[in-house]
Structure formats: C-alpha cells, structure tokens
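Here it is: the structure, laid out below.
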Amino acid sequence: MSEVQQLTYGLIVTLVGMGIVFLVLIGLSYMLDALKLLSNRGAAEKKAEAVKVERVEEPVEEPAEVVNVPEEDEGELVAVISAALAAFMGSSSNVVIKSINRVEGNTPVWAKVGRQEQMYNRF
Amino acid sequence: MSLTQSILEFFNSMGFSAMTWQEAVMIGISFVLIYLALKKGFEPLLLLPIAFGMLLANLPLAGLNAEPIYQIVVDPVTGEHVHEMVDAGGLLYWLYRGVKLGIYPPLIFLGVGAMTDFGPLIANPRSILLGAAAQFGIFTTFIGALLLNFIPGITFTVPEAASIGIIGGADGPTAIYLTAKLAPHLLGPIAVAAYSYMALVPLIQPPIMKALTTKEERQIVMEQLRPVSKVERIVFPIMVTTVVSLVLPSAAALVGMLMLGNLLREATTMQSTLNRLMKTASGELMNIVVIFLGTTVGATAKGEIFLSPKTLAIIALGLIAFSIGTGTGVIFGKIMCKLTGGKVNPLIGSAGVSAVPMAARVSQKVGQEANPSNFLLMHAMGPNVAGVIGSAVAAGVLLSMCSL
Amino acid sequence: MSLTQSILEFFNSMGFSAMTWQEAVMIGISFVLIYLALKKGFEPLLLLPIAFGMLLANLPLAGLNAEPIYQIVVDPVTGEHVHEMVDAGGLLYWLYRGVKLGIYPPLIFLGVGAMTDFGPLIANPRSILLGAAAQFGIFTTFIGALLLNFIPGITFTVPEAASIGIIGGADGPTAIYLTAKLAPHLLGPIAVAAYSYMALVPLIQPPIMKALTTKEERQIVMEQLRPVSKVERIVFPIMVTTVVSLVLPSAAALVGMLMLGNLLREATTMQSTLNRLMKTASGELMNIVVIFLGTTVGATAKGEIFLSPKTLAIIALGLIAFSIGTGTGVIFGKIMCKLTGGKVNPLIGSAGVSAVPMAARVSQKVGQEANPSNFLLMHAMGPNVAGVIGSAVAAGVLLSMCSL
Amino acid sequence: MSEVQQLTYGLIVTLVGMGIVFLVLIGLSYMLDALKLLSNRGAAEKKAEAVKVERVEEPVEEPAEVVNVPEEDEGELVAVISAALAAFMGSSSNVVIKSINRVEGNTPVWAKVGRQEQMYNRF
Amino acid sequence: MSEVQQLTYGLIVTLVGMGIVFLVLIGLSYMLDALKLLSNRGAAEKKAEAVKVERVEEPVEEPAEVVNVPEEDEGELVAVISAALAAFMGSSSNVVIKSINRVEGNTPVWAKVGRQEQMYNRF
Amino acid sequence: MSLTQSILEFFNSMGFSAMTWQEAVMIGISFVLIYLALKKGFEPLLLLPIAFGMLLANLPLAGLNAEPIYQIVVDPVTGEHVHEMVDAGGLLYWLYRGVKLGIYPPLIFLGVGAMTDFGPLIANPRSILLGAAAQFGIFTTFIGALLLNFIPGITFTVPEAASIGIIGGADGPTAIYLTAKLAPHLLGPIAVAAYSYMALVPLIQPPIMKALTTKEERQIVMEQLRPVSKVERIVFPIMVTTVVSLVLPSAAALVGMLMLGNLLREATTMQSTLNRLMKTASGELMNIVVIFLGTTVGATAKGEIFLSPKTLAIIALGLIAFSIGTGTGVIFGKIMCKLTGGKVNPLIGSAGVSAVPMAARVSQKVGQEANPSNFLLMHAMGPNVAGVIGSAVAAGVLLSMCSL
C-alpha cells in the first residue's frame, strides 16, 4: 500500500475503532443502569448472605491450615485465630490474650472432619 | 587436535571476540533501565525483568533466544520418518512461547481482574464514557505513525503503527498482547515505552490537565458514590465478558480473563472456597508469569532492531499518545460537566487512560491543589478501570482490522 | 477500500451476526451453572471455572479454542524446509493441552493426595472392600449406556459408554482423565454431570441408604479406630503405588501421583523440609491447575455436541451410576455386618463412592438420625478414601480395555 | 460392532473390571494387615522421631522466614513465634505476651547460618 | 577417537577449563575491589534509603493483604500488624497488646487507595 | 471375543507378567533411596522425588515415559497434510521436557539466587579463588573417567566423562543441566550420586581436611568481615552476569538466572514491590520445579542403563571428585595462608566445592575442634558461594568443548 492508502485506511480504522469503543462502553453504561434495578433485590439478599458467609468462613479458612500443616505450624494458626478474635472484638473493647488452647487439643472429631470437608469436596 | 589450536578455537567462542557495537550499547541501555527501575522506581516489577532480559539477550553467542533445531531422520528400526531434536534451543526461547502464543498477557489480566475493584465504575456508569474518550490517544498515535511514513527513511506498516498506537492505552499486558501478534519485532521498544510512560504519568498529565481546565472546574466537588450491591459486583464481570465478546470477538481473550479474575474476586463473598483461586490468580500465578513475561519481552530487544530511528519515533509517539489520551479524557470531562450542570469534575477525565491507579491519583492530587477539601479519587477510579476495558476493546479492533 | 465497505466487513466480523441458536442456549446454560455454583454451592471451585469456560467457548468467532496453523516453507537462506506459524491459535487451546495430554488430572491428584488422610483406611483395612463394592455403579452404568444403543437414535460407542460409566466413580479428576483419553468430545457434559452429582450426594444417597437398611442396622455403633503409626502412614502410599501399578499399569499415572502427594504429606513428619513441597502440591500448584483445567474442560462444551439427546442420556445415566454405587456399597455393608456379627454399620458402605468427604458425612448424618449417640464419620472415611483408589483402578481397566 | 457385540464385550469388561477392582483392593487390605506388624516397631520409633522432629522444626520453619524476607515481615515472624510459644504452653497455663525481642537482634551468627543451611542444602 | 586421543583432548579441556575458571573468578575478585570504592558513596545513600524503604513498606505490605483478602483474614492481618509493632518496640520495652482496632474501620479512603496503588501500578 | 480370551489378554497386559529382573532391582533401589532420604535425611527435598520417579519409571508397561505418537494424515475436507496425535504419551515424558529443554535447572538457580547471600564473598573478594581451586575436582574426575577407558569393558565417551566430572561441582542443578545436554542417558546415576555425596559432605571432608593441615593452621582465627553496602549487593549480580557470560556464553543460562534471582533479592531493599517476585522465585515456583525435576530425573533411571558397571564407576568417580575438590581447596587455602602471612585459615578452602552451606559448616566445625574460640563460618561462606559460580563456569567450559 502507498503511504496515502495506508493513511486513508488508518482513518477508517480510527473511525470504526472509536465508534466501537463508544458503542460498547455506552452500551455497558446503560446496562449498568438496568443492573442497578437488580441491586434492590440484591441488597436484601446481600444482608442475608453476609451473615451466612460469616458463618461459613470461620470453619473454612482456619482448618485449611489445621488439616494441611504439621504440628509446628499450629502455633501460627493459634496466632491467627487469637488475633482474629481480637480483631472482631478489638475495635470496641480491650484485649489481653490470656490463655490460648491448642486447637487440636479440644476439637471434637466431627469438627475436624467438618473442616476436612471444606477442602476435600473442592476436588 | 593440538592445545594451542583448541585454545584458539575456544577463545573464538568467547563473547568478547564476537561482540558488536549494538550489543555493547544495548547492554549499556539495560543498565540504565535497571537504574531507572530501582533508583527512580519506574514500574520496577516489570522494568527490572525486562531490563535483565535485555542484558541476557545481547550477550554475544549466549544464544538464550536460540530456536531449537530438529531434523527428520529415518528410524533404523521401524523405518518411519521421525523428528529428532538436534539442538534444544535457548531458555528464553522456550519461556517466550507464552508471549508468542498470547498466553501470558491474558493470565496477567486474570490476576489484575482478581485485584481490581470495579465498584466505582458500577456506582457511576456514566464515568465509563471517560474511559472511552481517553482511547482517542491510541488512534491519533496510530494515525501519527502512518503520517511519519511521509518522512523519507521511516516506514511503519499498518500493523506496526497499530502496535505503536496501543502504547496510548497505558496498559502493559494489552500492549504486549497486541504487539506480539501484530509486530513482535517491536515488542522491546514498545514494552519499554509503555511501562516507562506509565511510570511518568504523574509528570506528563498535570500540565495538560491544568491547561485544559479552569480553576472553577477543578474546584468542583462531586457527590459521594452510592454503595454497590454484591449482586451487581458478581453480574458485572459476566455481563462485560458477554457484551464485549459478542461485539468484538478478538477482545475475548483479554476481557474474558480480566473478568474471570474479577468474578473469582467478587464470588468469594458467596463461596469462600473460591478465595484460594482468587489468591493464586492474583498472587503466585501472576508473579510467575510476570517473571517470565518481563524477562522474555526484554529479550526481544536485540540491538539491530532496537537501535534504529524507529525506536526514537516510537518513544516520541508514545509520549504523544499519552498526552492526547489525557487531553481527550479531560475535554470529555468538560462536556459531561456541562451536560450535568457542573456535577462532574473534568479532572477525572484524565484517569480514563488507565495506568491504574496512578492516573486516578493524579486527578485526586490536581483536584486537591485547586480545592483542598476536594476528594476526587474514588470518582476517578471509575474512568480509570473503564480505561482498561476501553483499551482492551481498542486492541480488539486493531487486532481484527490491522493483522495482515 | 471504502469506509462503508470496511465497516460492513467489520460488522460481519462481529459476534452477533455469526451467532447460532446453540451458542445462545449454551451461554444461557453457562449462566445457570454459574448460578448453581455460586448460589447453591455446587462444587464452586470447579463448576465456576467450567461454566465460565463454557461461556467463553460459545462466544461466536472468539476462537479461543482455535488450533494453531503452521505452514511448511522453504527457508530462503538455507533452502531447508521449516515449520512456520501462521496463526498462534487460541488461549484455551493451549491451556487445554494439559487436559489433552493427561497432565492436569494427575497433578490435581498430587494435591489431593497431599491433603488426604488415609489413616482411617489403614486402621480398618477391611473397610477398603466397601470402596470396591461401590464401583459397581461405574460398570452397571457402562452397561446401561450400551443398552441405550438398542433405542433407535442413540448410539454410544464402547469408549463413550466407559466415559459415562466413570461418572459413577464420583471422582472429578479420574472422570476427566479417562474421558479426555477415550471420548474427549463428551468432556463437557460428563464433567458437568460428575461435579453436579457430587454436589447432590447429600440428596441422592439418604433415601437409598434408608431403603436398604433396617433401623437396627443403622443404629449399630462401631468401635473406636486404632491409632496408626508413622511408619504405616509412610509405607502405605509406596505400597499402593507399587501394587496397583503392577496389576494395572494404566492406572499408574493417577494412583502414582495421588500417592506421591500423600507420601510428601506423611514424610513431613520425618523430614520437615518436605513441608514446602507438600504445601505447594496441595496449594498453589493445585490452584493453578484447577483454574486451567476447569476453564478448558468447560470450553470443550460446544453447543453442537452438548445440545444433543446424548447429554440428557449422560445426565440420566450419571444419576443411575451414583444410585447404584450407593446401593451396592450399602448392600456390601450389610454383608460385612452379617459376617462380623453386627460389628459393621452398613451405612458406611455408601461412602465407598468416594465424593470425599461428603459421602462420609452423609453416612454420619443418617447414622446419627437413627441413633443420636452414633458416630460413624471416621469409620466412613475408610471406604470413602478407598473409593478414590477403587475408581482409579476401575478407570485403569476401562482405559486398557476400551480404548480403540 | 453391533449393539449385541458391544453389550457382550461390555459384560466381559464389567466382569474383568470388578474382578480386578476387588482383586487389588482385597490384596491391599491384607497387605495392610501385614503392614500393621511393622507398626509395633514403628510405634516405638515413632516416639523417638516425634521428639527429633520437634527439635528439627524449630530452627527449620522460622528461619525460612527470617532469611527469605525483608525486615517488615519480621513482625509476622514474631507473631508466629510468640503464638507458637503460646500454643505449646497454652493448653495448660495462662499466657500474657510480655516482651518480644527482635529475632535478628539477639541471634548469634552461627544460628543464623544454621538456619540458612535449612534452606540451601535443599538444592 | 582412541582412548589416547580422548585422554589428550581431556587434558586440553582440563587446562583450558581450569584456566577459564581462574581467569573469570580472579577477574571478578579484582572487580569486587573496584566495586568497593562505590560502596563508600553507596554507604551514604544506604542509610537514606534504609529509611525511605521503611516508610514505603508499611503501606505496601499490609494492604497487599487488606485489599486482596475477604474479612475473615483481617484477623491475621491484625495479628501481623500488632506483632510487627511489638517487633520494632519489643527489643527495648515490654508489650501487652491492649486494644486492636480493625484496620478497615478507621482507614481513610485515600489511604485505602494509596494501598491499592501499591498493587495495581505493578502491572 | 470370548470372555476367557479377553481375560487372558488382559492378564498379559498386567505389570507382573512383563516384569524384568532389572525393573525389580530398580524398584528395590528406589525403596532404599526413599529410606535414605527420609530416615537418614539424604537431601530429602530432591532424593525423595527422584526415588519416587525411579519407582514409577520401572513399573512395567506403565509407560509414564512414553513418547507421544503422531501420524500425518490427509485432512478429508481441505486435503492438506496434518499432524494427528495417535497417542498422547506419558505424564513423565511431558514433565521431563523441562529437563530435556534445559528449563528447570536455570529456574531452580533463579530460586537459589533469590535465597543466597553473596555478602561474605563481596566482603572478602580473595576468598573467591578458593571457589575456583575446588573445581579441580571436576576436571580430575573427568580425566579419571577417560582413564577408565583403558580398562577393557568400560567405555566413557568424552561427553559422558564430562557429565561424570561435574558431580565434583557438588551442585545439583548444574550437574543435571550439563548431563541433560551431554549424556541424558546417565542423568539417573549422576543425579543420585551428586545429591548423595552432597548429603555425605560432613563425612567425606573432615578426614581430608585434617590430613592436609597442621593443628596450628586449623587454629588460625580470621578477622571479622567488613559490612557490605546495598549498592555493592545490587551491582554484584549484574556484574557477574555480564562478566561470566561475556567470557563464557555457554554459562549464561545458569549464571544469568542465578543472578537474576539474587538481583530480585537484593533489589527489594530499594523497591519493596519486588518482594513478591523474590518470594515466588524462591518459593512456589521453585517448589513446583523441584517436584517436576526430581520426579522426571529419577524416571530416567531405567534398569537397563542404571544396572551396569558404569553406574558403579560413576559412584566411585563421584567420591573421588568430591575428595579431590576438597583437597585442592584446602591446599589453595594453605597457599593463601602463606601469602597472607597466616591471615587465612586453610580450612575455609574445602568450602569451595559449594554444597552450600554444608561445606561451610564443615569448615566451621573442624576449625572449632582445633580451637573452640574459632569461628570460620562466615569466612567459609565466601568460597562456598563462589564454588557455585565456579562450577557453573566449569560446566560452561565442558558444555562448549565436550558437546559433540
């Protein structure tokens, strides 16, 4: 192609290109408006979930450690748990970590497997 | 074979003896880039590997980019024709496959998506338009490159011009993805230019922003963004993938992975087990890809190609691209300001060039200079992340119209 | 080329224009699967990537599954014939290689092994038989599929029937590994069916378990399991690898990797440096593979194949497979109950279908309903993990006898 | 193959298949009985090891952090150590973390290298 | 090649090989002397940086957690922060972790984005 | 096909039936290696995967190393000739590609570099010479192997001899990298020998060290090392890469990656964002590569090759290599002791064989026996890390002079 041809083609590309860019993004922006309508129902559900999630997470995250890692890491676990505890009380009250019990120690087996589930049934 | 003979032979196999002046210069340039990355903090996460790759690729005879050599031989036993590897090829050749085959950039986008909060965009859908406006930088630069063809001595093909234009997208992975497909021989200079200018956004943008806006406009305080629901956050990535890919199939790989990552991120609020995928996508997987991508992209910068007027042209055009993108973004901001009766601060327009989140930070900073109580950051994040989608779309158009 | 002309051309290159009704339906299905994965918690870790891959693969013209195109050209310089890449192929094509070449499933098994505690199995070796009994589900479904051939309109080849049967293994990686080798075109529906039914185990199994057992049987309390020594734990994976592979070489890849992972896990008690390998195998490496495997397996579900009576047949047969596996497991449990003079609670038999550890949880739950003081979980874990080995062995047999 | 042939072959596969499955798993179950005999000796060793391991781990895990990571992460390290401490005392007694010394600070060089060894000689 | 030829060639390789090994390593050892001269200027800069780095890191590392991870991990974050705190005071004074405030809670938005930047602008 | 017939067929496809005595022996050897790795702590991180790979590779008919089989067919539609995969090949064949193509060892070096502190070397540049002296072990063993050719029945080619010599480098990745290029069929025995002897360093070195030094020499206390500045630490890896690669291009891959890793490590002090790359390079990426490399290197040890007098010769020569390397290191230490007027303790010379940091620990231990107040460790770390560079350089020479 000659320089001129290239240039004209370039201008075409530019027109089409910016056209598509705006077409797509304007389209998205209006769809987002539509989506907002969902958000009202969504908002309601959200709270419910929010709670549900909290419930789920506790057993989920921690055991991922417990089951995966050998004893020497349990300490780390406890650090996390104890401080996680602190985190959720902390903002309001004062915390002095008084006694930390080994998680393994006082964990009923069913809980232990409850945790295993969290990992296993992912695969 | 005599001792002296084989010693001579060996010394001929040494790097010094085979060194070209281009290689020497390139090694020097790689040192400069390392300095800029470490001392000046120029996008060190990518420029350091890129610079080191540049160093490795320009070490004479090291052959880290060497292609493997096969020969077809007849199997003595079966009499069949079989491939046989004569030379395994270089380390960087193999790691580069991920760039060549367009695998790494989408994987990086997967991680970026897992780290990106599209909330501000969802909360203020109109701001998405500013992300579109800023893409003018890409196309004007594209035209600019084609105009340079009229200067004797410089010739850019259409695909090369397109690859140069994408620098204006201010988005590394997108630039690398497109260039690897349209003009792989320019990967080095384009990647370096793209990341360098992203690092320079805080210097490039403010003067342009101030030149195009009045103090009154810069002082505009925007109202608080509405909270965004979980449902919106989860539907968003699915919606974007579907819409963008249906309009522009060639953008599916980049946008699709970006949004998969974002879906993993937002979905963890509903299924916390997904947390592990989100963490890996935005963590270890991304780091591995960044190391490989950076090093091998840098390794494409061989002296013969890099040390040509083209590179200077690319650097000049890249600066223009960023400037125009910033400008058109701000101008569109002014238009929206008018249309909304002064509810939009034009400064958030410049964030549309992506370069997340630095461009947004610049809007914030310039806005606060004009009015200390002004807080534009979250509003600027909208156009900012929209710019990522915008430049991916632009890349899709260039890919489908400029690949020969 | 005129503007209108190239605009027309471009619009023809848009997804909308080329969309088929199958693709539209498939995209709809992918949305449903995403909903099930996130809202209903259907194995989100795999179904979400699978569903998203399904979405990406059915976006018209996106070509993410496109094969690369090479041409053989004569090197102008050397005059040799050389391969030259004309088109790099799609992202998902390349990520899919890991499925196609049978790499991902064994790597996932590596991680599963590193997470699995075979202690309950070692403590109660007899429970392993229940893991064998439950595999009847695989083969009866296999037969069932072949019987459907007598219905005009449906034809399943032997390899297809084998791939469908493996759904009864209730083990994702095994199903994907076998199907990728025997009937890759059915990967989509089979993977979806396998993971969906695994998620539905708590609904499918209880009625069958109750129908086949008396209240007295369900009330049986089993005695505490003996502790397992470190040596047993370490010898076990080595023993299993050797024995299974010697009998059934075709199962070596799956069982070998499963046991390597488990060896890394158990060996950390003797050499704690191995901890880092165990963590990577069950963590980052696994996550990376899951993202790639899920997305690309989902991407094999193209409308033309997925939307056929076969898929409905597969879904129906899959349910049968799970049910029969559960049934035969329980029946064997009853037999062992008799033989041991009532020491074995038949409910642990249903755990033999693997679907670790949900099936074991179901045994626990049903057992506790009959007798609140009853605690079967750890006893059920034995057959449960044995089921994983059992279905890998069954897959080996099908692989060596049904591949044409 | 005709439907009938396929079916008959399927039945053969089923017979062979279930045969192998049982063969292998019954075999394993008896080998596990044999293995149990080892476990007696094993049990003895086990205790010995259990202790040995404890010993080894202390230096192993922590330094993996110390040497690998820059200063700002040392805090994390301390958190883990301190809580790990807590973990192993915790179950019995009360813990109040009184003072935490920077590990780097009072670590004799030899210990530091002792740690490096833990990482290096793995490769 | 005959055994003798191989051997002679081997001797040549040995001579050349050890020659190169010494050549290279001696070369390096002298260059290191030259490099030491830099170290004086280096040393000066070093301190400056050392401080700069401290500054940067605080916002860098923590948010990497904050932004990436869902609520339940915040505890871990706090554990780290609190102990990190301890780490840098610890060596001198006694620490009793009194109250830990949730980081999200009292973080001004600008800080939050300041953190986001730390991650984003890496790509 | 009748039942009995197909059962017979199946039993012939079982491993037992096809088992050779070599395979049986190799499986036995793999058990021994697992025992050594776990019970005796022989480099478990690599010997365990290697041993397990050995086990998997010698399971008859498992075909985990099987090459893929393609056939060239004419596309019915287009009439073009196209590759078509007939058999996907074995899992370990694919994972082994990373060794075959020389990718894994440099990646491990990337991680090693990210974990290595070159401070002691920078602080005491002369100590680097001891790292050079210890490489005599490599070349004398190389000569030794060639001398064995005069013994009837044993024949080592020059490349084989070079691969055996590199065992004296006491550096796993370097040995594997070189052997994979020069004599891949010997990978098994050479890797096993290299890692076993590294584990035995504390037994092999002390007697030699004591035999070659006087008590007075061993009692020498060396003066405290100077602190090393940040700039030196950052310039060092760049300098080493450039110098070594310019002299010896063939060493660029190993040294380049080692130093890139080290640069990432040291640069985090200036740009803390690099921390994430450093952690990945020395963590997850390395672990993944170690799992793949170990297993597949072990899998190259097929009975036919492994169970030959060559292996015994390799084991014997490996021991010689370590011993001579230790000796020459110490002797050079004595020379430096003389030249410096007794400022250098000869014991640090033995650390030059690398085997980081065990060799350095041995120097420390022997030194303290002679003089309890003696503390040589940090001084020995200098030659120790220098030895890594030294053996990489030696490998480069062997690669460029011995590859046929």
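Residue numbering begins at 1 within each chain, and the chains themselves are lettered A, B, C, D, E and F in the order written.
Quick note on the criterion: a contact is a pair of C-beta atoms (placed from the backbone, for glycine too) under 8 Å apart; a residue touches a chain by one contact, two chains touch by 3 or more.
For clarity, every value in this text was computed on a predicted model and none was experimentally measured.
Number of steps on the shortest path from subunit D to subunit F, with steps defined by chain touch: 1.
Among the pairs B-E and A-B, the greater number of C-beta contacts is found at A-B. Taking the CA centroid of subunit E as reference, the farthest chain centroid is that of C.
Of all residue numbers used where subunit B meets subunit C, under half belong to both copies. The two sides are thus made of different residues. Taking the CA centroid of subunit F as reference, the farthest chain centroid is that of A. Computed from the mean C-alpha positions, the centre of subunit C lies at a distance of 38 Å from the centre of subunit F. If you average the CA atoms of subunit C and of subunit D, the two centres end up 26 Å from each other. For subunit C, the set of residues touching two or more other chains reads 6, 10, 45, 247-248, 269-270, 272-273, 275-276, 279, 283-284, 290, 397, 401. Under the contact definition stated at the top, the residues of subunit D that touch 2 or more other chains are 9, 16, 20, 57, 60-61, 70, 72, 79, 82-83, 96-97, 122. Every residue of subunit B that touches subunit E in the complex is listed here, in rising order: 1, 3, 6-7, 10, 43, 45-46, 108, 111-112, 115-117, 172-173, 198, 268-269, 272, 275, 278-279, 282-283, 286, 290, 355-358, 360-361, 364, 375, 377-378, 381. Taken in their complex, subunit A has these residues touching subunit C: 9, 12, 15-16, 20, 67-70, 72, 109-110, 113, 116-117, 119-123. Note for the complex: subunit C touches subunit D at residues 121-122, 125-126, 128-129, 131-132, 135-136, 138-140, 142-143, 146-147, 149-150, 157-158, 161-162, 228-232, 235-236, 239-240, 243-244, 247-248, 269-270, 272-273, 275-276, 386, 389-390, 393-394, 396-398, 401-402.
Chain contact summary for the complex, subunit C toward subunit B: residues 6, 10, 13-16, 19, 27, 31, 34, 37-39, 41, 44-45, 48-49, 52, 55-56, 59-64, 68, 85, 88-91, 94-95, 283-284, 287-288, 290-291, 295.
Residues of subunit B that touch subunit C in their complex: 100-103, 106, 110, 181, 234, 238, 241-242, 245-250, 252-253, 256-257, 260, 263-264, 267, 270-271, 273-274, 276-277, 279-281, 283-285, 397, 400-401.
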